[in-house]
Amino acid sequence: MDINSNKITNLKDAVHQYVTPGCHLSIGGFTINRNPMAAVYEIIRQEIKDIHLYAHSNGQGVDELVGAGCIARLEIAYGGTGKFMSTCIRFRKAVEEKKIQIEDYSNYQMTLRFLAGSMGIPFLPTRSSLGTDIIHKWGLSRELRQDTPKVPDQKLVVLDNPFGNWCDTKRVVLVPAINPDVTIIHVQQADYRGNCRIDGLTFADVEQAKAAKVLIITCEDLLDDDYLKNDPDRNQIPFIHADAVVHIPYGAYPTACFGCYDYDPVYLKEYSRMAKEDILFQTYLDNNIYKKNSHRDLLNSVGRERLENIMADKNRGYAKKLDRR
Amino acid sequence: MDINSNKITNLKDAVHQYVTPGCHLSIGGFTINRNPMAAVYEIIRQEIKDIHLYAHSNGQGVDELVGAGCIARLEIAYGGTGKFMSTCIRFRKAVEEKKIQIEDYSNYQMTLRFLAGSMGIPFLPTRSSLGTDIIHKWGLSRELRQDTPKVPDQKLVVLDNPFGNWCDTKRVVLVPAINPDVTIIHVQQADYRGNCRIDGLTFADVEQAKAAKVLIITCEDLLDDDYLKNDPDRNQIPFIHADAVVHIPYGAYPTACFGCYDYDPVYLKEYSRMAKEDILFQTYLDNNIYKKNSHRDLLNSVGRERLENIMADKNRGYAKKLDRR
Amino acid sequence: MEYTLKEMMTLVAAREIRNNDIVFCGTGISMLAAMAAKNINAPQSVIFFETGAIDSKLEDLPLAVADSRIMYQSSSNAGLLEAFATMQNQITGAHIVGILGAAQIDIYGNLNSTVIGDYDEPDVRFSGSGGACDVASFVSRTIIFMTQEKRKFKTRLDYLTSPGYLDGPGARKKAGLPGGGPDKVVTNMGVMAFDDVTCQMYLKGYYPGITPENILENMEFHIDISRASEVLPPTPEELTLLRETCDPQRLIL
Amino acid sequence: MEYTLKEMMTLVAAREIRNNDIVFCGTGISMLAAMAAKNINAPQSVIFFETGAIDSKLEDLPLAVADSRIMYQSSSNAGLLEAFATMQNQITGAHIVGILGAAQIDIYGNLNSTVIGDYDEPDVRFSGSGGACDVASFVSRTIIFMTQEKRKFKTRLDYLTSPGYLDGPGARKKAGLPGGGPDKVVTNMGVMAFDDVTCQMYLKGYYPGITPENILENMEFHIDISRASEVLPPTPEELTLLRETCDPQRLIL
């Protein structure tokens, strides 16, 4: 991939080329916002399995990938989406039924792990979790760690402060870097080379993007010229990190995309309802994902009215009048 | 200081209250851009001495503070301003004449040290400087370190990677956090509570600001209402870090302020010329700083024509037609 | 004025928030408590989310800490790194009060939000820490929402997700933790605080119509009830502001 | 066409830059070399500054790496943290070529830009590392500008600011450094490269009118000159683009 080339492609090809069985993956967004849902659905549709997924609180996308059986191992801080699912339903089932291996961290720790990966260092320190079971209980065994070169040999390391009591700190927890094989994020604007502009909170997308060996960007608006260079202060990810750029309007649907559209409460509630029963969930997967050819197909079946309901007020970035009860 | 209060004050009071003799200080900007020069001149005018200064490549402001005899100790990465002074002239003299104590780091290391301070951790790791004299030669002795609680007991620590060869990394250098007593930055826009918006590169200003026990902000535009909240994505420093906000148009002069004005090549060349000789430099200090009551006095003596010459083109952020030869 | 227990809990937590506090809140009732404090008793308090927004306007109630509603008219929009650094930073962290919830709590205010049963063979899996462990590790004090049930107030946690006072006096410091630890536990029956010396939970208040004994019956461990008094019920003004300003659509209440 | 040695040096360095390189540059001649490459032989190369700007338009020549001219029409404006992380990150770092200068260099391409004399009692103080040590530590290869003088090509450096190959084969790896090390040294008399096996500097080229012996006379240590050939002089096209497009005001040239 030439760094300075035109990287525009389509979602089917990008997922097929980069998201391979057994790959280590991370996805952007947080709970019900800016998840790269079109890409998540495409991964499910292509039935890519045995994925090692890294998540802080990525929420909806995680639950659907887990539910569809794509995930073998999951390093995660939070499997929930807030009000819609205080605990992600398929995630919970999969863990309780031991269908996936799981290892727990905190949100900050997962974010630091991506940051370490993006910085090219093996670990970063924090004071979070000292004295807790996040330190004592490992989800991935030492044996698995020894046998798996893409997993570090320890979950984390507690280190006495080598600078005495500097910063009034006795010891710190070192969390190991993550360099996913692939990171997929959804952004409001990207250009042909892969410069990205995110409006609203960036969550940990920037660190996830820069830590990845391959970065796939899906975007609401695709610019085939250098327009984004007119305001470089707002471009959080420069093109040198990008490998594929895909134009997918409503690419975060049914999660929200600040400034563009809100989450769809109808979809998310229906999802929660159907996720609760295995048979219903299979129906959900069939109707909403497998039987659809593309994200556009899904949007067509959702229909214009619901998409209009979630359209963001331009001054607020969300749909003020949306009925969320 | 109430976090949510109106923090507008004037420069004389802010400097007098917070920049005390012997304090540990850091200033924002880089070489010839966005140094908080009005505040630097006020510190010199108030003859505050024995300061411990932390700098990456802060350039013009560092050289003037050193030249005026305000600095006792200096932890620094680069004492230069680019084309105007490949090595800062008063800095060089002070080091060669042993008038200040100096300790050398790299730019990344100093930035990481501020970042560690802002994150509330005692150190951060990097692979920079392994095998070099930055590791072997310490400017501040172990004895001084033992006797000075505000200085860490070691310059840096080399640590074998506790995660084996994770990230293909054998060992790292840990650099200790900095929490300056005071950081002073100059920004394009701030509001009464201390929300800051920086246009163009932020250098390490954000980390320096968030690491500080006290943050003084000088700004080109001061907003006495919540206008900056209309575009929160562009506000890099929220008000919770701020202690004093001072409105000083041309507060970075003679260094540049992107979008507002360029550096003044006439001033910077004249400075370089006068800095070369002790007697001339004393004249410079007398005429440009001690005999002036305020930054406005200095700007008045510079005159409208020169200020007009450096006025930034609004579409470029700098003065396209400025004669810089 | 009539009120629900959820309203009572929200307002009791809100009363713990003071001007000059920076309030970290999660989803649901904790967010509502922070909004109530801001609208009722602590107008100068600042609301803050782990996702990176600070001082959000909150014209409408968010349903998650990543809801676009928190991004509108905040003082600064950043990301998780900045948010958690603000908590871990002892200069800003000293101003922060965190509001948390959990599946289990013990007498030292340690929280479990990860599993019931064995970690490797869980009977019930919950969401996990999210930012809770970070908040509980870093900030000056926390307020914890709990439902008063025996299976939730546990002698021994199945998994310690978020640190309270760990195993007692000095334990946080010994472990290397910064921050202050739990300040209050707000349940549907009363309010607990923590003893300055023993770091153990004690009953501080019980709601009208509830007795200290009722509360003890709904806990696996015993706590001191000698310092308890009845909690003042919500005032009409509190209730009106909570219902009409904070959650008019009754999304949480 | 007539040309100055400074023009020759700039163009010789520019020729080392390829399409798909990300070029880290400092102030002065190194920035001009990067601009020359972009305008002449490597239009797809990307210019990058330690202060946080990448892919700047550079309509006008900056006089410092913090000059506002680098902030105009870049692909992204950030800060030092992002810039150095991009270099230390091995995925992006593999694409980066750094252009450096120094006061002293040794046979392994180690650089001194800190002091002449003792560190505690310096005879001459220079600017110090700035980002040079970081760049030399991290990136895939570096190009070094030097003036050909005995006091600058030293058997032993007074201070090792920026790592080259340290003390020879395997030493970078042993020290724990990533990155590749020095690739070329461009002086006012010729160009040196580094032997794949010994990691020692050797003469690769000498400018028209200069002999290998002239160069050896201006170095404290001896290098192999057996592989040296004459460097092609600047073409009229190179000179015209350099003078008229890159530095029309002759701020550096």
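A, B, C and D label the chains in the order they appear, each numbered from 1.
The rule is simple: contacts are C-beta pairs under 8 Å (C-beta built on N, C-alpha and C of every residue); 3 or more make two chains touch, one makes a residue touch a chain.
Computed from a prediction, not measured in an experiment: that's the story for all the values here.
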{"item": "For subunit A and subunit C, chains touching each", "value": "B"}
{"item": "Selected interface, A-D versus B-D, where C-beta contact pairs are more numerous", "value": "B-D"}
{"item": "Centre-of-Cα separation between subunit B and subunit A, whole angstrom", "value": "37"}
{"item": "Centroid spacing, where centroids are CA-atom means, of subunit C and subunit D in whole angstrom", "value": "56"}
{"item": "Subunit B-subunit D separation of Cα centroids, rounded to whole Å", "value": "27"}
{"item": "Centre-of-Cα separation between subunit D and subunit A, whole angstrom", "value": "40"}
{"item": "Subunit A, residues touching no fewer than two other chains", "value": "120-121, 126-127, 167, 169, 172, 179, 200, 233"}
{"item": "For subunit C, residues that touch 2 or more chains besides their own", "value": "53, 71, 77-78, 88, 90, 138, 178"}
{"item": "Graph class of chain-chain contacts, one of line, ring, star, complete, other", "value": "other"}
{"item": "Chain-to-chain touches, reported pairwise for every pair that qualifies", "value": "A-B, A-C, A-D, B-C, B-D"}
{"item": "Partner subunit C, residues of subunit A touching it in the complex", "value": "29-34, 56-57, 59, 76-84, 86-88, 91-92, 95-96, 98, 104-109, 111-112, 115, 126-134, 137, 139, 158, 167-172, 200-207, 256, 258-259, 262-263, 312, 316-318, 320, 324-325"}
{"item": "Residue ranges of subunit D in contact with subunit B within the complex", "value": "27-28, 50-53, 59-60, 63-72, 77-81, 84, 88, 90, 114, 119-134, 137-138, 159-163, 166, 171-173, 175-178, 249-252"}
{"item": "Subunit B partner contacts - residues on subunit A that touch it in the complex", "value": "116-117, 120-127, 152-154, 157, 159, 161-164, 166-167, 169, 172, 174, 176-177, 179, 199-200, 233-234"}
{"item": "In the complex, subunit D residues that touch subunit A", "value": "19-20, 22, 44-46, 53-55, 57, 71, 73-78, 85-93, 95, 138, 178"}
{"item": "Residue ranges of subunit B in contact with subunit C within the complex", "value": "2-5, 118-121, 179, 193, 195, 210-213, 226, 228-230, 232-233, 235-241"}
